[in-house]
Structure formats: structure tokens, C-alpha cells
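Several structures are given next for inspection.
After this come two complexes, each holding chain A, first together with chain B and then together with chain C.
Then we have the complex of A and B:
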């Protein structure tokens, strides 16, 4: 069974790459725009610190590290599963989910696999470059810190996956909820700042209610040796979001009604 | 032996009624009237193995909803469905391994890449062994003469070529039952004939087909059994022959007269069209007289230079059934 799913995923990646290669200029432009629009923000941070202002108790490279992790997480999410939201919405509006449902595979897996999108590759790589630069300006990083970083980074990716699935699931009932992702994006941006600059209520919200701090701040804090209990407790809501998203999506498929033939 | 058993199948869903005027649209923003739609209501039927069954009905009758429930992609509100011993909506993941589906208005092919790449995807999805895949693909593309087509991007193919590729996609894993939802919609005569020949050939090899269509020629050329659904309810379920006899034993006679006559009036004959004083189309009832007697009586009454006898058009039979079930 696992072999079959790996094979399907491999075919989906091949199709995604083939499609990207068909429209080469669009692929290059997509990557360029994605890179520029998402790396402008760290440039603003550079300007802030260049003008003498700063986030209290945070050096330029520490803040850049948070934003680099945030950019990489967003890149991973965009490549591997953000497309499921738009694909689900399109299928609901057009009544074409049958095409996925008549395949003998998990429908959610198939939708995620068939929406792998490499136009955000530059985003991940750009984030990676920023990450390397920032990391080279901070103190030594131990293996334990790297392990903590990986666990927290994956938890951040899980939050985004859970939220994407929850938003996709709501589109079964709330057809055409295209502004919902924008609301989440606005909330998500809290994750790219040091959390101690916010009021405790806000940082509590971004750590435990909608744990967007896990997308950038917590994994970066692990590399800075500042991962505390809060960061590890926040893994729990990340897990809840992911499982909740999967459960809700699978439940909502039952409510699919299609459109007139 | 029944391969499909459907009993008391019902699908109800809720929708919101919104008026057509601008003020109604504004009102609906604040308050919407919820209405219940019985898309399929208490439908029962059986389909035997190896049969081609046509499901007919006007737009919005519930045909597609029925076929979607049979494929396991829609959950019924109530009722029992058994296909090859599976309950489609409950056993969907296992069940769909054994069925194929072609939706005339929805494509399984990936738009920007050649169909052969989409076929590869189905090979992975259905875990088709390499050798079997190559053999089946070769056979299918040979039947449809698609050798030069399958490596071109799907977006540059004609509708007929795309539909043939959809059939290849649906048949690669050798399904036992294939559901076709309006498979010939929008196709030209040649493409339709090719697809019908393909369906017949596959049926000869033992594949059961369930077909919804508006094209009565599809039904006449393919189906042995016909189910008619109207307003979500089954109104006919029998053989094609029985359907043709539904309005009685009638035939259509087209006459071209050598000399004009004032009127054609005979028992059991109804003039349904008159193009000129020379051209008549008659509907004859054969319940009390044979076609031989009718022609004899006609030849006594008038002199004709040409005559053709046809079956009652399916359109007329179907239209009458639709009208009686409104």
C-alpha cells in the first residue's frame, strides 16, 4: 500500500514538473514574483535596523533568522499542500470532485499529491539563503538545538497544513470562501516576529489558539537556544490542528453534493 | 444474474430559493428560503451482468445523481445500493478498483500534458503491472486509432480525440462495470460511432455498461434495457422493445402521391404532417390491422409514387412518457 502511494506521489510530481516545463516563462516568472514579494519583508527589517531602530533585545540576524524560517516554512507549505485549498474550492464550484472520488486512493491524499506546485521553490530556496546568512552571524548551534529546530519546524508546517485543510473543508458548505485564506495569512504574519514584542494575550493566542508562532518564531528560537516549555507545549495545538483538518475534510466529503449534470 | 441491485434509493438535498428580480436578490442576502429537493426519490432497479443499460430522462431528472450514487461519489439519503456485492458509498476505496467511469462533461485527463502521462498516473493509482499496462494500452489505442494522438498535449486535442482518451483512461484497469454519464455529448457523428463500436466491443468482452444520455441513438444502438427517470422517480424499466411498444404498435408511413387527394381518412391512420398535396406523413396503429392491410387500403384510396415505413421515433415515445409523468 505504501509503495502504491509513493508511486502515485512520484507520478504527481512528474506531472507537476511537466506542466511547469510546458509553460517555462510562467514558471520562471512565478518563482521570481514569489521570491521578490516574500523577501521584501526581511529587506524592511534590514532598513529598520539600518536606520538605528530595532526590536527590543533582538539583533538584526536573530530577527532575520525568524523571518528566514518563516519564509522556508511558507515555501514548503506552498509547494506541498497549499494547493489543496484552491483545488477543493474549484472542484466544489464546478462539481468535479467525482474525478478524484472515483480513484481507489484516499481522496485527501490524491488532492494534496495532485496539487504539488513548484512555483514556490524559489521561496524555499530564498528562505534557505537568508537562513544560512543569519545562521552564520549567530552563536554556535548544538545538535540538540538542530533536533529541536526540526521538530518545531515540522510542527509549524503541520499548523499550515491543518489550517489549509480546515479552510478547504469549509468550502464544501461555504462555497466560494476565497477571502478566508487572506484572513489566515494576516494572522500567520504574527509568526514572523519575536513573540515577546507582543502583549501576552496576543502571544498566548499565536502560541496556543492558532499556533502561528510555530511557523517562524519557535523553530528559530530553538536555534538561538531560547526554546522554552511554551514552544514544546505549543506542539500539541499544532497536532490538534492537523488532525482536526484531516478529520474535518474527510467528514465534509460525505456532504459533497456535486452540481447539476 | 443481477450485478447491480438498487432498492428505494433516495437523495434529498437542500438549496436556497432566491427570486429572479434585483429586490429578491437583495432580500436573499438577509433572509433565504430553504427548500428541499428530492433529486432521486424511491428508485429501485436491477441490472444484469454483461448488460448495457441506458438511463434516460430530461435535464434535472436525477440521472446523473443516480449514477454518482452508483459510483460511490455521492452518499444517498436513504435506500440500498449493492454493486458486485459492494455498497459503493461505504466501500468506496475498494469498490472503485472494479469500476470505470467516463463523465462527458468532466475530464480525468490533465489539460497541459499528453494523455499518455495521465494514463501513467492511472497505472500507478490502480497498481497495474507494467506488462499488463503496455498490452492493454496497445489494445485500446489500437481500437481508437490513437497512436499519433496520445503524445500530444491534451489541450490541443479535439473533443472527439479527448473523449476517446477518456475511455482509454477509464478502461486501463479492466473494470467489470463502466458508468458513462453522457459520453457522446457534443461529439460529431463519426466520433459517436467510434465510441459506440468501442462500447459494443467491450461489452462483447463481458463489461457491463450503465449509460446516461440525451442522445436516443446511443440507447437505440447500444442498450437492451432502458430505465427512464423523471422528476427523480423511475417511470419506465424494461427492454428497448417494450419501450417502443409503450405507445402501442405504431409505425410511421411517409407517402409521396402521384396524384393529389383532398384528404386521407382511414381507420387507424392519423395524418401527422402534410408538406404539400403530394407529401403526407401518417401514423398508423397496427393493433387491429396488419401493415399489409393498411397499405392495401391506402393503395385503394390513392395512387402513390413512393412509400417508406419507419418505426415510431424514439423522441416521440420518450416525449410522451415525459409528458405523462409531469
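Then we have the complex of A and C:
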């Protein structure tokens, strides 16, 4: 069973690469733009520090580390499961979800596998370069810190997965709304900055209700030696959030009614 | 005179149809009522933290900075445009042929569509967010001069259309023009002043931006609203910068027309 799913996933990746190669110039340009936009991502932070101002008690490279982790997490999410929203939305609009439903594999798995998108690879790589630069300017990092970082980073990726699935599930009812990602993007925006600049109510919301602080802030805090109990307690809502996304998507699939695509 | 009346009738007809068409998806526009204020809250905390212990940064006070972000958001709802996406989709799918056969210029059709679409934006994005920014966040939303601000926003509306339309025309050469669109949108988002006021950029870049069209989409109307314009250390009186904006719009429209005519020479269609 597992072997079958791995084989399907591998085929889907091959198809994704072949599709990208059909419009090679566009694919290369997309990746280039991702890379450039990625290097410009911390622009506001650079301009703030370039003006002689700062976030109180945060050095430039500490803030850049948060934003690098956020970028890497976004890159991973974009490659592996962000496409599920657009695929679901397209199927709902065209009434063709039955094509996915009649396949002898789990529908959610099929939608995720068939929407692997490599044009965001440069986003992850660019984030990685920014991460390395920021890390080289902060103090020594212990193995424990790295382990804490990996656990928190994976939790952040789970949050991104949960967000993608909740958006996809919402598209069953809110048909054809291409602005759905904007709602979650605006909430994710809180995760790009040090959480102590926000009001406690907001940082509580971003840590435990929709835990977007886990996408950038908490993993970076682990590498800075500032991961406190809050960061580890916030892991639990991250997994609840992800499971909630899976449950909601499967629930919407059960409610789906079609007449043959 | 008849020519003008005919044009106005076309604008009215197309704008009305577009308004009705998009009214079916009004919740699409109403997403902005959530997204705009959320982004503003983030900006509020970022800049409140950055200004702690400082009264002014690059000549802007905190209250001006918050007004700047509030007003650029609101202006964005008025000037928002996707003529580039629409045009490249028409070219790629071959549907442009049906427009090429019509007795009106497609750019004029796109302008009329945009007017209808943005009237919807006025009701479902601009006005609700205006109240939220004004009454909840207590942002000063009174322009320094109503007349110049309205003229500048109208010019920004046209500028955004002409720039986007010209980018959309690249589809006649590339077919799949999403890459070019993304490059342009990236440059525009940074250099129009939407992310941060342009006075925060390095001086050399500010000098370059003086000669690029991006500032006329967002930064110029926002500064006209605030009542003073400075870039690269150059302060320009409001009437003059609005005049420069008008000249930039005319030049962009001419460039757009040249590219349009060139693209029509490349265009071939079969079966309307």
C-alpha cells in the first residue's frame, strides 16, 4: 500500500517537472523572480535598520533570521501542498472533482501529490541563503538549539499545511474565490516579525489560536537561545490546527455532491 | 461632440455590465474589509515599535507614516487593475480575436471595464475600509487639498491601467507572459511606495525612481494627500508634481499605443 503511494507520488513529481519544462522560459523566469523577490522580502527590515531605526532589543540579523525561517517554511509549503487549494477550487468550479474521487487512492493524497510545484524551489533556496547569512552573524548555536529549531520548524510547516487544507476546504462552500489565500496571508504576516512588538492579545492569538508565530518566530527564537515554554506549548495547537485542516477537508469531501463531472 | 457622447455611452454600457457581472462575486471584493485592516494592524505595531524613542524618520512622523499606509491601502482599492492578466489570458486562449473584431479599441474597452469594476471596489472595499481606518484606527483621512488629491488619484488610476496593459501586450510575443507580469508586479510593489515610503530607500535609488513611472501609481497620490512631496532630497510643490504625473500618464499612454500597434502586426486569428 505504502509502496503504491510512493510510486504515485514519484510519478506526480515527474509530471510536474515535465509540465514546467513545457514552458521553460516561463519556468526559469518564475524561479528567478521567486529568488529575486525572496532577496527583497526583508526589504522593509533592511530599510528600517538602514535609516538608523530598529525593533527594540532586536538586531538586524536576528530579525532577518526570523524572516529567513519564514521564507524557507513558505518555500516548503508552496512546493508540497499549496497547490491543493487551486486544484480543489478548479475541480469545484468545473464540477470535475469526481475524476479525483473515482481514482483508487485517497482523494486528499491525490490532490496534494498532483499539485507538487517546483517553481517555489528557489524560494526555499533563497531563504536558505538568507538563513545562512543571518546565522553567521549571531552567536554560537548548540546541538540542542538545532534540535529545538527542527522540531519547531516542522511544526511551522504543519501550520502551513493546515492553512492550505482549511483554504481548500473553504473553497467547497465559497466557490471561486481566488482571494481566499489573501485572508490567510494577512494573518501569516504576523509571523514574520518579533512577537514582542505586538499586543499580548495578538501574540496569544498568533501563538495558540492560529499559530502563525510558529512559521517564523518560534524556530528562529530557538536558534537565538530564546525558545521558552510558550514556544513548546504552541506545538500542540499547531498539530491540532493541522489535524483540523485534514478533518475539515475530508468532511467537505463527504458533503460534496456531483452529477458526473 | 457626438464622438464624445458615443464614447461615454460605451463606457457606461461596459462599466454597467462589468459592475453587474462582478456584483455576483461581491464577497470577492469584501475580502479586503478583512485583509486591509489586518495588514494595517501589522504596520501599526511595526512602526510604533520602530518609532519608539524617535519623533521623526526620514522626515516623516509616526502619525504621517500611519496615514501614509492607510491612504496607500485606500488608493490601492481605487486604482487596482488586472488588465495585464486579462489581456494575456485573451491572447493565450485566442479569445482576443472577438475583441479585435469589435469597433472599439480594446484598451478603451479595458478602461471601461476597470471603471465598472472599481465602482464596485468603491462600495465594497474603499468605503468600508475608510470607515474602519477613520473610526476604529483614528487615522487622519482628510486630504491637505481635496482637488489635487482627486486629480492625482484619477491619474494614478489611468497610470496603473496603461502600465499593466502594456505589460499584458507582451503576451503577443511570449504567449505565456506570467513571468514578465510577475517581474513587473514585483518591481511595482516595491518601487511604487506600497511597501514603505520611497524616502526610506537609498539616495541613489531615490534619484533613479524620480525618472521611473512606478511612483505615480501610489507614492505620488499618497504624498499629494498628505500635502507635501519629497524624493531624493527634491521637494516639489503639489501642483507641479501632479502636472508631472499628468505628463507621465500621457507618455505611458503613447508608449502603450505604440506597443499595441506593433502587437497588432503580429496578431493572427482563425475562426471567431
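FYI, the second predicted complex is superposed on the first by the 257 of 261 C-alpha atoms of A that agree within 3 Å, B and C clash if a C-alpha of one lies under 4 Å from a C-alpha of the other, contacts with A are read in each partner's own complex, and residues count from 1 in each chain.
Please note the rule applied: a residue touches a chain if its C-beta (ideal position, glycine included) is under 8 Å from a C-beta of that chain, and two chains touch if they have at least 3 such contacts.
Being a predicted model, the structure only gives us computed values, none of them experimental.
Q: Do chain B and chain C fit side by side on chain A in the superposed arrangement, or is it a clash?
A: Overlaying the two complexes on chain A (C-alpha atoms) leaves chain C and chain B fitting together cleanly.
Q: Now for A:189: first (chain B), second (chain C), both, or neither, which partner does it touch?
A: second
Q: Figure out whether A:19 sits in contact with chain B (first) or chain C (second), or with both, or with neither.
A: In the superposition, A:19 contacts chain B only.
Q: Who does A:8 touch here: chain B (first), chain C (second), both, or neither?
A: Only chain B is touched by A:8; chain C is not.
Q: May I ask you to decide whether A:61 touches chain B, chain C, both, or neither, giving the answer as first, second, both or neither?
A: Neither: A:61 stays clear of chain B and chain C.
Q: Determine, under the contact definition given at the top, whether A:86 touches first (chain B), second (chain C), both, or neither.
A: In the superposition, A:86 touches no partner, neither chain B nor chain C.
Q: Once both structures are overlaid, what angle do chain B and chain C make about chain A, taking C-alpha centres and a multiple of 10 degrees?
A: It works out to roughly 90 degrees.
Q: Applying the touch criterion given at the start, work out whether A:254 contacts chain B, chain C, both or neither, answering first, second, both or neither.
A: first
Q: Touch test for A:208: chain B only (first), chain C only (second), both, or neither?
A: The answer is neither, since A:208 touches no partner chain.
Q: In the superposed model, does chain B or chain C contact more residues of chain A?
A: Of chain B and chain C, more residues of chain A lie in contact with C.
Q: A:232 contacts which: chain B (first), chain C (second), both, neither?
A: Once the two structures are laid over each other on A, A:232 reaches no partner at all.
Q: According to the stated criteria, A:102 is in contact with first (chain B), second (chain C), both, or neither; which is it?
A: In the superposed model, A:102 contacts chain B only, not chain C.
Q: Aligned on chain A, what is the least Cα gap between chain B and chain C? Give it in whole Å.
A: Minimum C-alpha separation, chain B to chain C: 7 Å.
Q: Show me the chain A residues, by the header's touch rule, that chain B contacts in one structure and chain C contacts in the other.
A: Of chain A, residues 23 contact chain B in one complex and chain C in the other.
Q: Help me check something: in the complex, which residues belonging to chain B touch chain A?
A: So the residues of chain B touching chain A come out as 13, 59-60, 63-65, 68, 71-75, 92-94, 96-97, 99, 101, 103, 105-108, 110, 112-113, 117-118, 120-121, 124-127, 153, 181-182, 212.
Q: Write out the stretch or stretches of chain A touching chain B in their complex.
A: It comes out as residues 4, 7-8, 10-12, 14-15, 18-19, 22-23, 94-99, 101-106, 110, 254, 256-258, 260-261.
Q: Would you tell me which residues of chain C are touching chain A in their complex?
A: 25, 27-28, 31, 34-35, 38-39, 41-42, 45-46, 48-52, 54, 57-58, 174, 176, 178-180, 182-183, 186, 190, 195-196, 200-202
Q: What residues of chain A sit close enough to touch chain C in their complex?
A: Chain A reaches chain C through residues 23, 25-26, 28-30, 33, 36-37, 40, 43-44, 47-48, 50-56, 174, 176-180, 182-183, 185-187, 189-190, 193, 197-199, 202.
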